[in-house]
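Read through the structures below before going on.
Across the two complexes that follow, subunit A remains constant while its partner is subunit B and subsequently subunit C.
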Partner chain A sequence: MVLLRDGMCPGLDEGLVRGLRAADIKTVEDLVSSDMEELAQRCSVSYKALFAIRRVLLAQHAAFPVSGADLYEELLSSTAILSTGNPSLDKLLDSGLYTGEITELSGGPGSGKSQVCFGVAVHISHQLKQNVIYVDTTGGLTAGRLLQMLQAETSNAEEQMEALQRIRVFRLFDVFSLLDCLYGLCGGGLQRASVGGGSVKAVIVDSVSAVIAPLLGGKQNEGMSLMSQVAGVLKTMAKDFNVAALVTNHVTRSGGGGGGGAPALGAAWSHIPRTRVLLEKGGDVRRPGLRSATLIKSSRRPLLIKEEFDLKWWSRSKEEGGGAAAAASGKRKRDETDS
Partner chain B sequence: MQRPVSSFSLSPGVKVKLASAGFRVTADLLHLSPPQLSREAGLSQQEALEVLQAVRSDGGGGASMSALELLQKEGELKSIVTFSSHLDAALGGGVPVGKSTEICGTPGVGKTQLCLQLVVDVQVPQCFGGVEGQAIYIDTEGSFLLQRVVDVAAAAVRHCSLLVEDEEQRVAMTTFTVETILSNIFLVRCHDYVELLAELHLLPDFLTGHPKARLLVIDSVALPFRRFEDLSQRTRVLYGLAQQLAAIATRHLVAVVLTNQMTTRLRGNQSQLVPALGESWGHAPTIRLLLQWSGSQRLATVFKSPSHADATIQYQITSDGFRDSDQSACSQPGTSC
Partner chain C sequence: MTSQRRRREEEEVRAEMSESGAQLFARLEARRCLKDIEPRLFPGDGGPQHGEVVELYGSEGTGKTELLYHLLCRCVLPNAAGGLEADVVFVDTDYSLDMLRLVSIMESRLNAALSTSAASDEEACRSCLSRLLVVHCSSSSQLLLTLHFLENSFSSRPGLALLLIDSISAFYWPDRCEGGANLAKQEEKLSKCSELLGRLLRDYRITVFATCHAIRRSYSGPSSSSFSDPDRPYLCRAWQRLVIHRLLCSRQEAGNNMAATAGRRQVLTVHCTSSSSSGTKAHRSSSFYVTDGGVEFT
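Presenting the complex of A and B:
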């Protein structure tokens, strides 16, 4: 709750704030929930003045209702559906990532979470010409791989460079830096990142569990609070700035069963993402890039639909884009001092 | 949007005092001076000053860069060659600097050998296409064999001296000797996980003092954590360790190489060899390399990497160190430098 300060609303001057404080009324919450008549007597102010202040404060701090029709109109004008660039995933997600929502990818090591994030970042920056914020908390982001994916999309070097410039990377490794970063983005960072045409349409956090998981469990209970802070700021950012938030999560193996495991971070986190997708490695030895994606939470589509996709998809046109890659590996040869 | 005070990196005690004094969001604090705050919230002057500094420095959101800048930075970083051209090709030039790589394998398959090879390789002079850096070796198993390092180093020196073509390389060879190689390896022996965690806390300072260090080896990360009684605490400690290593690798431009043991997992009636330390640890390293036997051949498989497709190659361990197994590939004249 907000601390009472002079000048907050008409009539609340310095003397009154001091008087209220003497009566142990420090915050707006205290003032609103206290008995007005008694308070007026104790602070020797007029009941009428106090009542007026209370009404203004309540109006200032209350949320106001919006009609469904207005909301729908806003929805139509402001919501965008960002394609992930992969047809199977788009099908699974009902045509892509929705702005204003949090979408979560979970999966075991090497299940392709980061690859999907890279693919989404590249697709949005190159095809849709929008800016992307990429928060890397594991050190797994490789710009070389982003370039490879871009090379599969276009052979024009200038377009590739432009697309890379539209992806803004934050590399941080603890939860407080993540919170600093997210609050910074809400407080103007998103607008600042938008200069130069296009606005920020997607914020990717890979991975959110890497920074939160070390705090959970055991005797420390601060972890839960920090997790809900991260969740809160992500939600607010997604809604207020109309960006699509894409986060990744680990999996934990649930009790010996043959299943692929459940997303980590527990039940409290499971309410945060609007849509959750579980990625698993395909069992086929001949196609090592094959992955399956299962929808495990969604408010739009039936659950547990499964789609298969191949990680190779993002580097599909290797022949035409491979020229530059081959040149790069040729340069590597020079470095080898093999016997 | 108002940022709650509890989201700052402050001690829990300070946060409780601030909350009970009614300070919940940053806007409540911005207009205060340190003495005022210390009086109102019952904090010491020092604490009040720290709180205000934390609150006022907010809004920067940390350093960021565009992916293009990141690409340029990556281009400047070389990878550490492994002396096995097939493995280098699978990893895109070798073990990448600035990332963490985990080597998993059964006993005797060559995990430590590969580490010892890397400790020498990281010092190959730049004119030979090397990184020319120093190495830190954290040994938790007691398996660091100095005699073996001398063998591998001598072989590397011999190899490079055969490649000398110009004056620059001749000059470089005068300092690339077994003695200098040994003097550029810093060995830390950790006996249990407490020593390991303590060492990792001190490491950033050590790395600032030794800016040429390009390789950090932990051989192995598994042993200190395998006899842990409280499993949930182990997971938490390991998560923290993973974040620390990622931060070290990125901030100090160091290649972090970890080795891990294998363990058996039962699935129905079938048993399966999987890397130890559990599923969640698997997310920690950026690249995972699996060394395994196939009959009498040794195979290395890349099975997690954000930038390379999965691949399997053969290798062998000779008296000179870690090499390609294919004879024809070995006898190829060394690529020009």
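Presenting the complex of A and C:
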């Protein structure tokens, strides 16, 4: 809702604003929806001037339509696919995290969501040399763990420090500071966080359910509205600044039955991420790091495919195994550059 | 003297503001009838007539957006590839339009229909995409202003026959919170959008398809009878009055054999309820699954 103020557009002076307010026209929407002739008579202003004001305000505040061909061209040149560092997870996600989209990782306690987020952050900052914003709402992030993962990637202390500098951490514990932080990032924070030549390519929020779940339930609507706001600003940031958003979520026992849990935050949240992955423990005591990931929502791969991977992948030493696949280019076709 | 001059100025301006002959023709000329857009979905002898609204309702993963892509492709593809060559406006309220997926569906349909070389395929794709207009809205006020703005596009482009909105329920919770305890204030913005949409439908005779997300999970089992019907429409009354055809999308529950159905195509069902002006309702059920090349009906 945009209030009418004088000086908003040429021709809209204080006298006219007062006259419109007397005629019960307080916002731009009221002005645009009302009958121009009648309004011109009531406010004793020329029809031509009022119509011109209406046209300018509409052009300023309405969304502008874009041709599909232009949109596609722009998308091709700006979309990137960021590898997560783990080939099995990459295969599940159709080469990795896509910029411009929200990807969700859900799982029960101890299923490895935060570890996967650490691994992804370290891979993007070290291998892909891009900046990462990490929003920690659970207090589970320690620089020591990130350093441990980096030490497995390279033994050069300078490179480790550079990679750590590319990860920018925000520690927040309620939804209002989260919204503040995200709006701040959209309003110029992302440019300021781009350090050392790279740009911010990923925003990781671990976890989004920790700040939103306490607000849901009961009769109040504020929780759902705040959740919509968080989703809206994350999507806008992902689309406008070409970053990949990765969020984590916990699980609840599903109502109908079945053993596994269903992701939390309800039906309203389920529409928001473009891709959703459910993590579960492997169940093999001899390999405590084993996890299985199931794809529960995707527009690119068939549903319910599973991949198994080891959480230790991101901490393994580099003598065994080859390097991870490099970040792919704009087109969706994945190029096999595994060594 | 000045008042006479002013009156003459106003009359000139009024003459300008009223429609030119071409605009009048564009408005009254019958837009491309989309009755045959997808006859398998609608009961009776076909689909939405001029000026009708179709609502696709369902929870996550039931194929609503895929159906929209299917209808979009059907409209913009050239006649030779089985399309209607009509222009489409896509209003995206929650950034859910996946252009890459849309283009891959378009390319596979063009390939299947016209087996031509890759270069002219790109040309064909580009010309199809030029028939599509995409608009992003981030709040219901902006949606209202955008619909006003689009009125110009409708009057200047007689080829525009279809308006897709994905989704109309995206601002439901923010509007409810803004409206506080007053139900009328909660529904005010969407009511205004619906009224404006109604006027655009009457004046320009376009067809509208809109998706609406379900806000309650539907649980199967005997306990579901004690909860309210999860498929009951929850948006404002002004919108419900506009909707003529309602497509309920649902997914067949996988049950315990998740391992068995993994990787195999999930079958999705659509149940269409069309209310006619005489008050009777017609029903039709169809099912489809999603492949790489888009929606395929069984």
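The rule is short, and it goes like this: the second predicted complex is superposed on the first by the 313 of 339 C-alpha atoms of A that agree within 3 Å, B and C clash if a C-alpha of one lies under 4 Å from a C-alpha of the other, contacts with A are read in each partner's own complex, and residues count from 1 in each chain.
Rule of thumb we're sticking to: contacts are C-beta pairs under 8 Å (C-beta built on N, C-alpha and C of every residue); 3 or more make two chains touch, one makes a residue touch a chain.
This is a predicted model, so every value here is computed, not measured.
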Subject >> Which superposed partner A:225 touches (first subunit B, second subunit C, both, neither) >> reply: both
Subject >> Contacts of A:285 with subunit B and subunit C, given as first, second, both or neither >> reply: neither
Original post:
Between subunit B (first) and subunit C (second), which does A:216 come into contact with in this model arrangement: first, second, both, or neither?
Top reply: first
Subject >> subunit A: partner with more touched residues, subunit B or subunit C >> reply: B
**OP:** State whether A:299 touches subunit B only (first), subunit C only (second), both chains, or neither.
**Re:** second
Subject >> Partner chain(s) touched by A:272 [first = subunit B, second = subunit C, both, neither] >> reply: second
Subject >> Contacts on subunit A seen with subunit B and repeated with subunit C across the two complexes >> reply: 1-2, 27, 222, 225, 229, 236, 258, 332
Subject >> subunit A-facing residues of subunit C, complex >> reply: 6, 9-10, 13-14, 17, 59-61, 65, 89-90, 94-96, 98-101, 103-104, 126, 129-138, 141-142, 144-146, 148-150, 153, 167, 170-171, 173-174, 176-178, 192, 196, 213-217, 219-221, 253-256, 258, 261-266
Original post:
Which residues of subunit A touch subunit C in their complex?
Top reply: 1-2, 27-29, 32-33, 46-48, 51, 58-59, 61-69, 71-72, 75, 79, 221-222, 224-225, 227-229, 231-232, 235-236, 238-239, 255-258, 266-268, 270-272, 274, 296-297, 299-300, 302-306, 332
Subject >> Residues of subunit A defined as touching subunit B within the complex >> reply: 1-3, 5, 26-27, 30, 108-110, 114-115, 118, 121, 133-134, 137-148, 161, 164-174, 176-177, 179-189, 193, 207, 209-211, 213-218, 222, 225-226, 229, 233, 236, 240, 250-253, 258, 261, 264, 288-289, 311-312, 329, 332-339
Subject >> Of subunit B, residues touching subunit A in the complex >> reply: 1, 3-4, 6-9, 12, 21-25, 27-28, 31, 58-68, 70-71, 73-74, 78-79, 81, 83-85, 88-89, 92-94, 98-100, 124, 128-130, 159-160, 163, 232-233, 235-236, 239-240, 242-244, 246-247, 249-250, 267-268, 279-280, 282-284, 286, 288, 303-304, 306-307, 309-310, 320, 323-324, 329-330, 332, 334-337
